[in-house]
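What follows is a pair of complexes built around chain A, which joins chain B in one and chain C in the other.
Take a look at the complex of A and B:
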């Protein structure tokens, strides 16, 4: 009923423009009034996301659209609001509004076989539901579609578009090249926002980013010792704070809260992790899905998520551009596929996993391209990989029955290998 | 359960329980010293048909099959009832029921639900202990399963969401050609060449078949072309896992000799077709049930 009302309001020109900011305020209020619905860390993360979105929709500050891997520290230091177009696509999916957003993108000639999270983000922009950006920034890392979709969004709003050309290797010239781009970008965005770059604020943003990184690192170490300190698959949600909150006080607060909660849980007797241990690779659908529940019901335990790993070194606050450049280049999805493969194998070893699950969203060519290499590398290390395909924003493109059978069969096979197959076969609850 | 304990049961319990029945019918306390081997069942509710197998001491004592129809719950119940009737047994006498197939969750009598991947691997491995690859083409999906040296599933791939390369694909084509499904295999073997069927989408392939008929291409060649298209699809899946002999084929489509020949040609390997290939999933489920009973689970 509520969703029907939201859909009606969003489909109505008179209502939709003024709809989002009040809805976000209502959500923040509801979050404060219902503390029992989530842990403190989860509420802090949700609130940070809602407040950042609210700032964007209120329109009092300059809004900069960013793609994944654009360093948010630069934007927090400038006092402008980073707004992730992919995050908007994910949000639309979580609200169950992806079909409308995808249809809007299709009407605007977005190719239907392109990444659906980008299409959903672009579609919701075409629907006129997003805040107007003063500039759009994308990186060349990982995905060819992202810069093109971000450029399309820039054209839609008549905003300047900036592309960060991220080199593959962290050689001194490559680092200097990217650091120079980041410095130039800061100058350009400062001019657009009508502010002067403030080196002290950038230093502080890098310090906060390092603090957040430290907490995430601590949390990861706790998860190695005891995977149960974080609910299975929750680390998948760190994609948002890593890409939009690093460099802000909220980013440090959120990761501190998660690490503290994990430390608290580690003090209590936790249920022993039983069943085959699974590593999640890439992403999961952004709408309410069954995958984690199915794995758990089958008796498997998700012990870590590729996207929540700390892949970057601590940065030197006195050389912020160089540190941020190093982080951009160090991303496991940037550069040759061997980098990601090694990172996955290292995680598999560190978390002693029995197998890996790779959800491959339709249209995500970079993840499909990596599959066979990852599969072979894991097989050589004695770990099978299940590839599960589907749409990551539109539930209509995720056939649940077929996915359940694949997941159950995967856990059954892992159970036979590890001698823990009995729970895997028992679906009766 | 020992004799003394059986004797100590109340008449009501003896009348209602399977233990009671055995004690009452046999009436001989010695029967409890050498208990009858446990009866176990496997039920496979697929998209096209449902099968049930009853096993006792590793031997099939009864089996049944029927079309699934629109109600997989009713099909699962009925196919099991028929097998029990054939064996002259009651459900309460079955120590363990394992259900498999896409309708496995609807089999209320089952204590365990196991995927068809695991069950086909177990069933095929029972017939051919040296099986290393299992190709199962059922009504709704097709799968290639790799087995390790112990016969356990080491990897698998399934067809994607469309019906291409499945029994349903052949069923649609048989209707388009007005040829009974069970004659497709025999007819295709008469073809001197296979007509090219370029599309593997069931809907597009159907219109392609209609066009070929209109062009006057012999029906046997069209059928051979369809079988080659199915074989191409399965070959693509097998390539992803790597094919290791011995390759066993299970599932109802294995009755189609034309598909088997086309697959052998495309894979470059001989296929060992499981006896009663449509029963392999149910047999595997029954064998798993026997394993679990043997483990005391």
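Take a look at the complex of A and C:
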């Protein structure tokens, strides 16, 4: 009943503008007025996300659905609102509404064993809970499901669908192919938004993106020197700003705040990183889960997350399309698996990790298919890999007890490998 | 006839899997392109490398290659067709035999994509030149294109005869298998295309080629039969069209099951059937670009951005061949195929055609369940 009411409210334009948008504003106000609830950087990140959602739900500007690796710089430069369908899937997972969203997707023939975050995003669209897009954009990376789900969302709303076909490697023909697509996309979206492409704004968006990248790079360097400057696993949350805020002033502000806070913490005496050091690979569940707490309770410390790494080179603002094309292709999960393996080994080396944890969401073919090669590469470097399977949006598909047992055994084994357990690990650093 | 008899072939053999692979380039380099047919019973070793929730066909191919069931292979060309193929390339590079070349096939079909695919084909030729120890010549490429075009035309003629003539689907698919393994000299004999000529010589005479797989053996038998006047057996049963991706020789009992249940396959839109063969390469102009254009402009597979074009083609095919139903066969865990079921169903419904979807899994076939579903579907038609 309550769910139906919410659905009606969000589907009704007048109600959405009259109630939902002010409610989001109220939430922003709450964030601003409660300084003790989070750090300044966390508040800025939450505010930036809420403001984007607010703009999307208000419906005064063109809303463009984007898949995770669509360069947001293009959209910010055009003044349109990027709306991440995967982020919507993560949102319903956090709210505990994934079962309803997944059921809605399944009623519309979405395959039950495909990636559940994409299905949840599509399901919440089928439920009528999302703002109506003027266009839908997807990249072909990183998986087969992404363009299919985004195309289904476009059909649902009768919106035009644009596919950015991301080549495998950054050869000159590949860069030319993708840069041309990005330029064409800009023209198409500008026409949809009823405005002309503005090269100066795009140059500025790329500059802001570079600025954010620089802050994230500094933050990473601070984490290498002292992992405690950011709470364990918090970098996993950077997936959202990297993929939706880059190119906006908010993106630069958020990452500057995180870097400044880390620098501030580094000046203070921080508790030593104790216990085996763990690198998080791929993603974590988007609902409230136990994994980080269990690791910490078992005595391990998460020192970095694969998803928060700076994998792309700085872009030349005078050649924005080429720079963005290079960034899309450079993603560690695009191209040959060797690229990802080398990136993981480099992170493992930089952060002196003892082992890696890979959460494998059900239905993620590309990450599951990579596991054996990753496992072998890490083993050759003397680092074990623990794979935890589970659903990333639906807690019913994440067997907590089994996972706890495996995590504790993993940390224990890491402790034995590193000598005398935690103390020995500390001294080794 | 076992799989390892492929090893008697004189030219180094280069394996391929996806129908976007330009076999003409491989043949023009003096190499033998062979499409991997899967390999039931060889999955055990591959299971420890590729996860269970990934395409069973690809896992079977990897397993058979690791077991040496295909005999010596110079390497494999893996088109970047899907998540499974991409990961197969990655694991093959580490654990499999021979070289691996990842061919990046665009998902768009515009002129920019054509330029990119042409560059990819050129890169493939350069890679194969290292294997073959010779450079690609325009003459050899033109010859290979002409030969493959002839094969496609011949198979097209056979396909056209399916509607009114008793041409079992397994036999026709065996011929497609044959074209994916045998040299064009075998496929393109005049007898192959001239069924009214009873004096045509047996296909195998003097060619120095033996069919490597049971499916191809069966194909040769059919081709020999076609050298005689066609039997005037009329088609009987409920007309249906097969659609889907790779329908391997291991999966073929399902085709017999459809016919036994009263269905008659009047056409197909399978990656390993007519869809992969449709469309010839223009023999004028720059051959590499013409080749790229043919592969890009062929009926799109579900991975392509405008896959909807295929749904229209499929609805048209059903109309032309008076099919009342489509049986959609996809390898298990093929997300690209699975996500198109809803729009495909809607498109076919508008054309008055019903759809049945069956998932194929070489590991755990469930013929009893499939039989019940096929019988119920055909009864409903």
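Observations on the model:
Keep this in mind: the second predicted complex is superposed on the first by the 397 of 429 C-alpha atoms of A that agree within 3 Å, B and C clash if a C-alpha of one lies under 4 Å from a C-alpha of the other, contacts with A are read in each partner's own complex, and residues count from 1 in each chain.
Note that contacts are C-beta pairs under 8 Å (C-beta built on N, C-alpha and C of every residue); 3 or more make two chains touch, one makes a residue touch a chain.
These numbers come from a predicted model, not from an experiment.
In the superposition on chain A, contact of A:311 is made with neither chain B nor chain C. Once the two complexes are laid over each other on the shared chain, residue contacts for A:384 go to chain B alone; chain C is not touched. Within the superposed three-chain model, A:366 lies in touch with chain C and out of touch with chain B [touch as defined at top].
Ranked by how many residues of chain A each touches, chain B and chain C are led by C.
Judged by the touch definition given at the top, the superposed model places A:351 against neither chain B nor chain C.
In the superposed pair of complexes, A:149 makes contact with chain C only, with no contact to chain B.
Of the two partner chains placed by the overlay, only chain B lies in contact with A:401; chain C stays clear of it. Chain B meets chain A in the complex at residues 98, 102, 105, 110-118, 141, 150, 152-156, 158, 160-161, 288, 292, 297. The part of chain A that touches chain C in the complex is made up of residues 108-111, 113-115, 140, 143-145, 147-149, 151-152, 155, 163, 165, 167-169, 171, 173-174, 176-177, 180-181, 336-338, 362-363, 365-366, 368-373, 376.
Put simply, chain A touches chain B in their complex at residues 379, 384, 389, 399, 401-402, 405-406, 408-409, 412-413, 416-417, 422, 425-428.
Contacts from chain C toward chain A in the complex involve residues 48-51, 53-54, 80, 82-84, 86-91, 93-94, 102, 104, 106-108, 112-113, 115-116, 119-120, 123, 303, 305, 333, 335-336, 338-343, 345.
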